[in-house]
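In what follows, chain A forms one complex with chain B and a second complex with chain C.
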Partner chain A sequence: MTAVAPARVRKGRGIELVLLLFAVGIVTLAYCNVELAVNDALPPNLLVQVGWLLGVALAFHLVLRWRASYADPILLPLATLLNGLGLVMIHRLDLAHGRDLGSSLALRQLIWTAVSVVVALVVLVVLRDHRVLRRYTWTFGLGGFVLLLLPLAPGIGRAVNGSRIWIGLGPFTFQPGEIAKITLAIFFAAYLVTTRDALSVAGRKVLGLTLPRGRDLGPIVVVWLLSVGVLVFESDLGTSLLFFGIFVAMLYLATERISWIVIGLLLFCVGAYVAYLMFGHVQTRVLLWLHTFSPEALKASDQLAKGIMGMASGGMFGTGLGNGRPDITYFAESDFIFSSFGEELGLIGVFAILMLYVLFVERGLRTALGTRDGFGKLLAAGLSFSVALQCFVVVGGVTRVIPLTGLTLPFLSYGGSSLLANWTLVALLLRISDQARRPEPDPGVRPSSSSEETQVVKLR
Partner chain B sequence: MNAPIRRLATVVAALFAALLISTTMIQFVFAKSINARPDNRRTLLSTFGVQRGQILADGKAVAESVPSDDEYKWQRKYTQAELYAHVTGYYSFLYGAGGGLEGSENDLLSGSSDKLFYQRISDLLTGKKPRGASLTTTIDAAAQRAAEEGLGNQRGAAIAIDPRTGAILAMVSHPSYDPNVLASHDIDATVKAWRTLTTDKSQPMVNRTIAGNLYPPGSTFKLVTAAAALSSGKFTPSSVLPGQAVLDLPGTTVGLPNDGHVPCSPTGKVTLTEALRVSCNPAFGQLGMDLGQDAVRAQAAKFGVGDELAVPMRVTPSVFPTGLNEAQLAQSSIGQFDVRMTPLQVAMISAAIANRGVVMKPYLVKSAIVDSELSVVDRAQPERLSEAVTPEVANELKSMMIGVVQGGTGTAAQIPGVEVAGKTGTAETAAGANPDAWFTGFAPANGTPKVAVAVIVEDGGNAGSEAAGGRVAGPIARDIMKAVLGE
Partner chain C sequence: MSELTITLMRFGLLALLWVFVFSVAGVLRGDIYGIRVVRRRSTVPAQPGLSRSEQRAREKAEKAARKAQSRLATHLVVTDGPLAGTSLPLRDAGTIIGRNPEASLVLDDDYASGRHARIHRDEVGWIAEDLGSTNGTYLDGERLTTPTRVDVGSQLRIGRTVVELRR
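Coming up: the complex of A and B.
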C-alpha cells in the first residue's frame, strides 16, 4: 500500500473574506449612490457606517474561523450583500418619505440586523453539532405549530394589510410565521428521517403511480389542514403555500416517492379552490392577480398595479438608485421591495438579485448533498428550499405569477422577524456545511502531531 | 437521498426561471404599454420630476422650473407669461408640452435629447439628477415689449427678424394667454383653464405669427409681384402701368377697383415705383396678368411660400393658389383671392429685400446650454434658404419701399434719422368684416439692415372700417424697429 498524501481541503475562509469585502464595497457604493442622487452629497458619516457594517461582517467571519472553519464560504457574503442592499433601499425610502432618525425604518432594520447576527453567532457557537437538534424534535414541532397559529389568538393577533399573520406584544410586532419556518423545518427533518422507511413503503398502484399506504397519509393530512387553516383564517396564501411546500418537498426527499408530490399538489389545489369558493378575501386576491388593471381590481387595491408600473418604469437599466419613485407603492420597503429594486436598478439589477438567491439556494443544496447524515441532508435541503420557495411566493406575487401574498423577501425586506429567522437559517446552514466539508478523520492514520489531535478533539 | 436533492434543485431552477420570465415581461416586453397607461403616475411624475431647462430671452429666464414642496418636485413658472406665451408655450402634466419651445424643444428642455448624451453619462456617474438644457432665444426683449404694447388689446400678430441671419427678434400673437395656469399642479384649475382657452373663439393659444388660419396678405403681396416683374427683365421701376379707378377683368363684370374707386394718378397711368408708393391695385392686377401666374407663383416660392419650416415650432406653409383664371390671377397679384400667408412669411419677404435678395432661414433658438457648466450643447448657425431676387432687383425694390414710407401709404412708420423701407396692406377678409391692416418693412434701409418686421391687426383693430395698413399697423412696426435699433 503506497502512501498517498491526503488531498488538502480548502477551507475557503480567505475567499470568504475577499467576497465579504466585495459585498461591503457594493453596499457602500449603493449607499453613496443614493445619497448623491437624493442629497447631492456623500453621507456625512460614511466611514463610521461602513465601518460598522464591515465590523459586523468581519466579526461573523472571525467566529466562523473559530467555530466552523470549514463552513461554506459563499453563504455569509451573499447574506451580507442582500441584507446591505435591503438596508440601502429602506434608507432610500426613508429619505423619500422624509422620515427622520427617530422614525427611520433603516435604523430599526440596522438594529435588527445586529440583533439577528448576534443570535446567529450564538447559534453557531452553542450548537456545535446540528444533530443535537434531533433531541428536541417534538419541542420544535409543537413550537412551530403554536407560532404558526399564534396570530389567531385573541388579544395578541394583529391583522395587517388584510393578513392576520402578526402578533403584537406591547410596542413590538412580530411575524411568528418566519420563526415557525425554521422550527418546523427542523421538526420535519427530524420526524421524516425516523419515519421515512415506513412512509416509503409501497401501497396500491394507480395509473402507474405507486401510492403510499392509506395509514401513512396521516402526517400530510395534518399539515394540509394546518396550511388550509392558515389560508382561511389568517387569509395568507403565502405562508400557507410556504409551509405546505416545504413539507411536501422534504417528504419527497425523505421517501423519494413522486406520489407524495402529486398527492400534496392535489390536496393544495383542492384546499385553495374550496377557500376561493367560500371566502371573499380569497376571491379578491385572485381578481387582483388575474385582472390587476381592471377597474374593479383597481377599486379594491391598486398596490399591485402601482408596483408593476414601478417595475415597468425601471425598464432595462432602472432609473438609478434614488432617482425613481418607489415610494408611490405602499409597503415598498417590505412586501414590495423587489418592485422598488426593479424600478431603480432595472431588469439587470433584479436579475442580479435573483441570481444572488439562486446562488444562496445552490450553496444550501450543495451542503445537503455533502452532508453525511440524513437529518442534516433533510434540514439543509429543506431550509434552502424554503428560501427558494419564499422568493418565488414573494416575487411571483408582485410579478403576477401567483396571487399576491404578504411574505417578506429573505434578507432584503424590512422586518425584524424575517431578518432574525433568515440569519438563524444561515447559521444552521453554515453549521451543517462545516460538517459537510470537513474531511473525515482517517481512522487508519493517526495524526502525527499533537496539535492536530487537539484540533480534532476540539471540534467533535 | 442525493438524487431527489438534485431533482429538487431542478424544481428550484424552474421556480426562478418563472421569476426571470415574469420580470422580463413587466420590465421589458410590456414596459412601454404599462408606462403609457394614463393612470401611471410615475410617467407623469418622471417628466415633472426632472429640473427642466430654462427658456431665456435677452439673458433673462422667461420660463423656469423652481423647486416646489409637493410631490412634483418642480413648478414650471412663466415670468412675463402673456408677453412670451407664444415663444415659451406651456408645460402641463395633463396636456403635455406644447404651444411653443416647450413643445418643439421638449427633448432638450427635459434632458432626454441625444445631444445631451455625454452630460447624461457624467450625471449618471456622479449620481446627479438628470436635468434639461436651457435655451437661449434670439428674442430682443425691447422689441418683444414694443410689439406687445403696439398690439395692445387688438387681435393680430407682430414678428421681427434679423434680415442678415433670420434670427427672430420679436414674436407676439394677440390675444395671448397665461401658460402658468396650464402648468399648475392643481388639476381642476388646469382642466378648467384648458377648456376655456381651447373653446375661446378668439383662439388665444394659436400663434398667429406662424400658424393658425393664415391671412390674405393684401397689398403687401405687391412686393412679390413687383419682384417678379423686375426679375423678368421686361419691367423697370419706371415702367408705365395702368392706374385707372377700376381695372376691367376678363370674364367678370366687377373689375378690380382701386382703393376708394379713385384713379391712382390724375393721368390714369403710373410708373411701377409710383404704383407701389400709392399701392395701386389696377397696376399690379395688370402686372400679374402680364407676367402670368407661373412667374408670380415661382417668385412667391423663391421668397419661401409653400416651404415647410420649423423655427423650431412648425410654421404653416403659406399658399399661392394654383389653376387661376385671369381675374383670379389679377386678384391674387394684389394678395387677395386665395393667397394666404403667415406674418413670418411676409416678414421674410421684407428681410430678403433688405438682405440683398437672400432669404435666411428663420430661427428662434440661439443656443442650448447646460446651465451649471455653462457649456453649449447646440448653437444655431445662420442658414441661407434661397436667393429670392438678384441684389440689383433687391436694391430697386428697396428704393421703391423707401418711397412708400417717405411719401406713400406708409408714412406712419417713419423714424426720425433712420431710413425706413416698407409696404402697407389692407386685406379684405370676408364680406361685412372689417379689413385686416398690414405693415411690413425693414430698417435701416440706407445701411446694414438690422430688422425686418411684419405686423397685422385683425378686423381693422381699433380703427374699424377706417383701417388702412399704414395708419393701424405702421406705428406698431415703427416702434418695434425703433426698439431693435435702440432709438
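Coming up: the complex of A and C.
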C-alpha cells in the first residue's frame, strides 16, 4: 500500500454540477436532432422528458452534497451522459419501429433509470462506510452464486434467444447475473483481502514464472467450475467470461502474482475449448464469429452481419441521428446498441463513447489507488474492472473480436436489471471515493500511545 | 426543418461529445499535476571534480544555510525505501507513520510497527516521537527514546524507510 497525497483536496461538487448540466445539454441536443430528423419538428413535451433526466441527475447530485461530499466529481456526469445517450437511441428506435407511448421502450428505460437512481441513493445514504460490507462476506458470496444459478431453476428460469440468463416473475423479467456481478465482487474483495497472504506464497519456479502452491489452487478451481457451468448450462459465454475475469483480475490485484493470470487464462481456454467440442450452441456462436458472412452462418443468424453492415454504412462521421437504419438489426436497443451508435454517430462518435467508458474506469481505478484500506482497494478495482471487461465483451462481440454474447453495455443498453446494477455500482464507487478523497480525521493526541508497546494482533 | 440545421446539429453533437471528453480529462489533470512526487536527494549523482571531503563540507554548508532560514517544514518526503518519492503534507495535529491502514503514511515494511512514529507540532517546531515501536525510530542514526525536535533536512529512519522533513 502506498500513500499518495494530493497537493490540496477539492471537493469538486461545483465541477460535478457544471459537467452534469453539460451532459444533460448534450442529451437534449441529441434528442432534438432525432426528432428533427425523423418528425421534422421539435417534440412538444421536450422539457418534460429532458426534465426527468435532469431531475434524476440533480437529485443524485444533491444527495452527494449531503452524504458524500468528497466523492469523485466525474463518475456521476459520465453515468448520466451514457444513460441519456442510451435513452435517446432507444427513443430513436421506438420511432423507427412505430411504437407508441404505451409500448415505448424509452419510457420504460426512463422509469427504470429513476428506479435505479433511487436504489443507488438508498445505498449511498444507508451505507455510510463501505467496510461494513465486509461483515457479510459469505452472505454476499452465497447470494451471488445463487443469483448466478437462479436462471437454471425450473419454473422461474427463462431461455431467451438460446441464452438461459433470465428469470421471470409474473410480468417481470430480470437478469440476475447483473446483480451477481456486484455481490460477487464484494465477496471476492472481502475473501481475498483476508486470504491473500496465503495465496501469494510462492511455490516452484517454472520457466521464470513463480507458480503458487498446489494446495492454494482451490478457490480458482471452484470459480472456474462455476463459470464453466454457466457457459454450459446457461450457454452464455459473456457472463461466464465476466465472472471468471473479475475473479482472476482481483486475485492478481490481491497477490501481485502474474502466475495467477497465466493459470486463469489457461484454465479458461481449456474450459472454452472443451465446451466448444461438446456443445452445439457454442459451436454456432463460434461459426457466427469466424465466418459471419458465410451462407451457413447467415442461415443461423444474420444479426451480427447486419450490425456490421450498419457500422460500415456509418463510416467516419455516421449518418446522423435519425437518418440511418439501425432498426434493421434485431436487439438494436440492447445487445447491438453499440452498432446502432456506430451507424448513426460514426467512428468518431463511438470512440467518444468508448472514451467515456475509459474515463469511468479510470476514475474507479484512481479511487482504488487513493483508498487506504485493502478491502476498499480491491472492491473499487474489481468493480471498475468489471465495467471495463463488460464493455470489452460487448463491443468485442459486435465487432467480431470475440464470439458474440448476450451482455448489455453498461448504462447504454436497454434493460432494467443492467441499469439497476450499474447505478448501484456507481453508488458503491462514489462511497469508496468519498472515503478515499476525504482528508484524514485528526488522530488527536493520545497521551498513552508513547508508552504502549507494539502488539501482535491476531484478527482470525 | 432545413437540411442545413440537421447537418449542423449532427456535427455539433459529435463535437460536443468530444468537448465533454476533453473537459473531463481537463478536470482529471489534478490526478497528474496535483500530486507532488519529489525526487530522492540521494539519486543526485556526486559532482565530479570534487573530493569526498570537499563534497561533505559543501553538504554541511548547505545544511547550515538551510537551518539558518528558520522557516518550518511543511512536507514529509520519503527519500529511501519502497515508497521513495512519496510526499505528503505535515499536519499540525500529527502525522502517524506505520503499517496500520489508518496511518497517514502507510508503510508496507515488515520492520515497521502498526503505529510506529508520530510527527507533531508544538509552539516552536516539529517533534518526532516513537510510539513504542518494536524496531525503533532513528533520527540521524540515533534511536529516539524521547520526543525529539526535528529540523528541515534531518532524516528519520523507520524500518527500511527513510523520511525527511522538507519545506
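The definition used in the following text is that the second predicted complex is superposed on the first by the 434 of 460 C-alpha atoms of A that agree within 3 Å, B and C clash if a C-alpha of one lies under 4 Å from a C-alpha of the other, contacts with A are read in each partner's own complex, and residues count from 1 in each chain.
Definition applied: contacts are C-beta pairs under 8 Å (C-beta built on N, C-alpha and C of every residue); 3 or more make two chains touch, one makes a residue touch a chain.
As the structure is a computational prediction, the values presented were derived from the model and not from experiment.
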Partner chain in contact with A:73 - chain B first, chain C second, else both or neither: second
Touched partner set for A:373, first chain B, second chain C, both or neither: second
First, second, both or neither for A:40, with chain B first and chain C second: both
Chain B versus chain C as contact partner of A:19, first or second or both or neither: second
First (chain B), second (chain C), both or neither touched by A:101: neither
First (chain B), second (chain C), both or neither touched by A:277: neither
Residues on chain A lying within both footprints (that of chain B and that of chain C): 32-33, 36-37, 40, 320, 323, 346, 362, 374
Residues of chain A that touch chain B when the two form their complex: 32-33, 35-37, 40, 249, 252-254, 256, 293, 298, 306, 308-316, 319-320, 322-325, 328, 342-343, 346-347, 350-351, 354, 357-358, 361-362, 365, 368-369, 374, 377-378, 381, 384-385, 388-389, 391-392, 395-396, 399-401
Residues of chain B touching chain A in the complex: 1-6, 8-9, 11-13, 15-16, 18-20, 22-28, 30-31, 34-35, 37, 39-43, 45-46, 49, 124, 126-130
Touch list for chain A against partner chain C, complex: 1-8, 10, 12, 15, 19, 22-23, 25-26, 29-30, 32-33, 36-37, 40-41, 73-74, 77-78, 81, 317-318, 320-321, 323, 345-346, 348-349, 352-353, 355-356, 359, 362-363, 366, 372-374, 440, 442-445, 449-454, 457
Residues of chain C that touch chain A when the two form their complex: 1, 5-7, 9-14, 16-18, 20-21, 23-25, 27-28, 30-31, 34-36, 83, 86-89, 91, 93-94, 96, 101-102, 104-106, 108, 113-116, 118, 120, 129-134, 147
